[in-house]
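Structures incoming, each one as structure tokens.
Heads up, the next two complexes both have chain A, just with different partners, chain B and then chain C.
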Partner chain A sequence: MIRFATKSGGNTPGHLQRTGPGREALAGLALVALPVAMLLMLTLWPTVSMVIATFTVDGHMSTSRYAYFFTDAYSLANLRFTMVQGLVSALSALAISFGIALYLRFSAGRIATMIHALSLFPLFVPSIIISYALVRFLGPNGLFQLLLEQVGFTHYRTPYLTPVGPFLAFVWEALPLPVLVISAGLTQVSDHAVEAARDLGAGPIRILWEVLLPQVRRSLLIAFALIFLGIIGAYTVPYMLGPAAPEMMGVFMQRTLGNLHDADAAQVQAVVLMVISSVVGGFYIATMLKSQGGER
Partner chain B sequence: MLSRRHFLASSAALTLAAATGVKAQDRKVLQVFIDGDTNISGWWNDILKPAFEAAVPTHTFNVTITRGVADGNGTIAERALAALQAKADPQVDYFEEFEPASVAGSIEAGLWEEMTEANVPNLKLVNPAAVEAPIRLPYRGSQVLIAYDSAKVANPPKTFADLVAWAKANPGRFTYGRPDKGGSGSNFVIRAIHEANGKDPSAFTKDNFEPAKAEEMLQKGWAILKDLHPFTFGEGTYPAGNTPALQLLAQGAVDMIPAWSDQALQALKQGVLPETVKLVQLQDLALCGGFAYSAIPSNATDLEGALALANFMLSPETQTSCVKDIGGFPGISWDNLPAELKAEYIDVIPVSIPTFPSGDWQKAKNDGWYKNVATNLTQGG
Partner chain C sequence: MLQIDTISKAFAGTPAVREVSFTVERGELVCLLGPSGCGKSTLLRVISGLTDADSGSIRIEGADMTRAAANRRPTAMVFQSHALWSHMTVAQNVGFGLRVRGLPKAEIAEKVGAVLDLVGLSSYGKRLPAELSGGQAQRVALARCLVVEPKVLLMDEPFSALDAHLRKSLREELKSLQRRLDLTTIFVTHDQEEAMELADRIVVMQAGRLEQFAAPGSLYRNPQTLGVAQFIGAMNTCTTAVAQGQANWYGTPLRLALPDGEAALLCRPEDLFQDPQGARARVTRVIDLGPVTKVSLMTADGDLLTWTCPREAAPDVDAEITLMPRRLHAFRDGALLSLIERPEPALREGALA
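Let's turn to the complex of A and B:
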């Protein structure tokens, strides 16, 4: 049993077990049976059979497909590009949203409310819309370039169809989640703690590093994991805004399956991405469990 | 009450008949199935229908759009095949576009009506390059052309070599779409492959794909495109499809792209592309294109009417509308169209309409392009 019962300190495992294998427990099992069955049938089973299929070549166990992936310069370049995009975009989104959250924590008033609303706005915009909007805004001879030229800057090079294009869209799209999570973390830091540190002569950087950051470290880690996972699996944004090559894994998989009809290779790509996602996902779960344990 | 209701109903019917005219009621309705895009179904409903009713007063047609429903026209064709075997009414007279071979056994079963000059007189006008088999009626086409901004390009290229020379002399002002994302980029890549292999499209057939030989033939094409790569827009960032490429031209980011004839002509008509954009076809060897083929089931509910519709579709009037209203290419020879129309489109009329086989060749071409041309690996990207 997961130790979630210890979370609030109200129920203890002993309380829960008191119901025993009675009717209530059966009812609970019946309730959870359907989603669990769905999970097994629609997620776990296809995943397992797919992983097995990637190791089966002409009826024999073989790692040749993986050997191809990890020796093919083109596939590796795509994987590397995906990881770099994920890391750089996720870290940038975190840094920016940390700044926004800090500002929101220590200011109030109409402007703060407006900035808060603005930072959450991307939550309601589908990625296909932001992609088209960025093409028109940042694209060649787009609005941004025209504005720059108005003030005499004529050396604009559009990020459209370069790695910077998807980077900008990813950061923009990823902002709301960390702003929410970090804001929530920062509200737990009492004004007294900050004032006490200041009274003891701590500068702003020291307060940030030793008082604020430790409080939101877990929020940051969780937000990072979620954003990173979202980006490495992205399709629309890199398809619309990114360069032809290297491709991000989502685009690469789609092309391998949809255009080349090479299901085997696409599955190998999917498994590689899945393993990386699982590592980051496991890290996320560990952080979650630790934070629940920490509050005990 | 009953009689009163009956009276009301019959008087309403009479009023309706008086309003629409008896003639309309006498018209036989042909069932036409279309699974093409809205530009095609809209053209049939809004422009062709009144013209057909005027040309063939005994008939009219009803368009059913099968786009995105099950297998589209394929499902209807399977129903017609079942009806042929059961000697039942297939409830279909005309397929706007259909490949008979896609329903297995339908050709052998005699499902498709053979069209000759005997039953469709206007077939004598058809472009010889488009003729395939008597069960396929070529009635419209499209082809990839070079679209350029005449305000920036004084002498548009007439040959592939001209085009490459222009692109190199004007770095960043030419681009083409990724070959797997749209036919305009794809057919440009094919044109480069043709260029590298003696300008001979017949060297590529559905059955002659052989990996080692194909690799050798394609590599020659990649050499041309790799050479062009640093001179394209953004030094080798290729737009992701037909529309993104047109967008770059419309925004003035590039001055020349390959584009589908119908998409470019329609964009010009709608003002999406500036008026200064002109179209030209390469005259040494044209870029690829293809025709849309109509088909008529031999057991059509009204076979005679369906053949009359086929004949109407190949009339110079309808074919003129195909060029003017949807930016399509005519199924009949340009010589059979009004002289002024031919003069207007003289730059885009191809000497030939090359094709490139589907299947293995397409796959090898698309994947090879990504691995050999688009990649910036050697440049440290």
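Let's turn to the complex of A and C:
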């Protein structure tokens, strides 16, 4: 507002003087005050008070709740299961979407357009729908099993309620983001840059490894962080499709709070997950900042 | 050394290269010259293997390379957009081809150093492509090709994105380097001056066809097709009917030993001279270009003529002068009919009466 006032023609020098940096800073602060206040009140304050609460037992400082979590075999199994599920699903989604992005980069025509559209489709499908669709398709007596039986295969074992169930849903759900960011990265590599490598004797694998991959390395890291964070905090997909034990942290937390009414234990689980998320989030921010500073 | 035999290539039914054949000797620099879209870059890509030919064959030192993949051919290509890999340093870019060939690290470093020295960039090895100027980047691209010691170096308009002054100096550098290394080189350009300065011989291409393959001077003095005559240098073109050894050249009857029919008579601006029996034209513009003066003229029929002459011989604007051709290139249906030296004026009707 003030900036506009100084730019309009008929202002006096006095008017210009009054709009110094201090006033502009104040105006800027006023603009962000509301969201910052919301953040402080609704996120930061509850988080801090919760973290403090997890270290307080009967009015005294104590780490006994964490000691329990990190010695309880079941809690650790759940944490391990969540991390492995996140890692494997995120890496698989990246690998598949890298393949799709490569195909899209070097192909044109109707089939490529169709594959592009299909790979972005999960973006518009809520997790709950994906979960139900997979139950109906891959679950016991689902469409997939019926189709297999039609061709005489009767030994189908459904991935429903096994670690593979949520894995399939996570990968499918996660595809659009890496396809978008890797495709964007690959368009930065000119046809001539690829041809120059081919011309100098490089085969497809070397071109992939030395010419294409380094150009999308950052995109891959960023996509990995975002997918991984989404998966380790997921609730609907593992609740619908995952095994009963071990369970993923989202389900574990909900059950601890909702069924066992053990808010203290649930809070500890939340803090552990939050710390891991912050580490990955920090890594994401560092990569973002580096790519903004490093690009020429 | 390099034999191109009836190579053809079409894209979606549209021919880009049509039955082109020529042979390049060892150590020769041949330019592929022609207007945009004439198929010269396509032909170069066919030679490199980046594009497959539809028919015809390519032999390098006798070995058939027609179906060999790009990474199996003893060629290396410099692209118009230098196509350096932005995440690799200059030294890594240059050493790429050697790494592909599995050379030991020490040998790669040594060869990369030597070739960077050759292109005058020995202290630039650790820089990234983004830190180079256009000319330096193109030199790195050249070094990247030279280091793998290709049998044929292919260059696709490598200097066309650079400014005129830089192009000229890089052209000279390239020529001396090419001579020194005795490197067989195919250089694509649409710039006549560049082709004339660089090439030992020039392939002039038009609409996918090879029009003429000759030394630069020969192309200029003895164009074999109308297309080459009109593409290389300036020409005054007069289309006229020839009957009984006589033709009307800008209103002046000339005696020409040509078969009857339509003919295009082409004359270089420097091949005109003032002669009282010549074609009458009015001077519309005089441009002093320094070494020569360019005179634009218009005949009574509205035809435009260009004459280049020494400055002291230049007429004034609006003067009426008469010009005769010293040499005429006569074409019919695009092909050369005859090159006529000192055409003589025919007797005008009633001149003897």
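List of remarks:
The rule we apply is simple: the second predicted complex is superposed on the first by the 271 of 296 C-alpha atoms of A that agree within 3 Å, B and C clash if a C-alpha of one lies under 4 Å from a C-alpha of the other, contacts with A are read in each partner's own complex, and residues count from 1 in each chain.
By our rule, a contact is a pair of C-beta atoms (placed from the backbone, for glycine too) under 8 Å apart; a residue touches a chain by one contact, two chains touch by 3 or more.
Note that the coordinates shown come from a computational prediction; the quantities given were computed from them, not determined experimentally.
Annotation: superposed three-chain arrangement on chain A; chain B versus chain C shows no clash, the two fitting side by side.
Legend: residue contacts after superposition of the two complexes on their common chain; A:139 is shown touching chain B, with no touch to chain C. When the two structures are aligned on the shared chain, A:214 is found in touch with chain C, with no touch to chain B. Between chain B and chain C, B contacts the larger number of chain A residues. In the overlay built on the shared chain, the residue A:197 is in contact with chain C alone; chain B does not reach it. Contact with neither chain B nor chain C is seen for A:271 once the two complexes are overlaid on the shared chain.
Within the superposed three-chain model, A:244 lies in touch with chain B and out of touch with chain C [touch as defined at top]. When the two complexes are overlaid on their common chain A, residue A:73 makes contact with chain B while staying clear of chain C.
In the superposition on chain A, A:206 makes contact with chain C only, while chain B stays out of contact range. In the superposed pair of complexes, A:255 makes contact with chain B only, with no contact to chain C.
In this overlay, which is a superposition and not a single complex, chain B and chain C have their closest Cα atoms 44 Å apart. Listed in rising order, the residues of chain C touching chain A in the complex are 48-50, 70-72, 75-77, 79-81, 83-88, 96-97, 100-101, 128, 130, 141, 144-145, 148.
Across the interface of their complex, chain A is touched by residues 178, 180, 233-234, 236-240, 244, 247-248, 251-253, 363, 366-367, 370-371, 374-377, 381 of chain B. If you check the complex, the residues on chain A that touch chain C are 190, 192-193, 195-203, 206, 210-211, 214-215, 296.
Interface residues of chain A facing chain B in the complex, by the touch rule stated above, are 73-74, 77, 135, 139-142, 158, 160-162, 239-240, 243-247, 255, 259-261.
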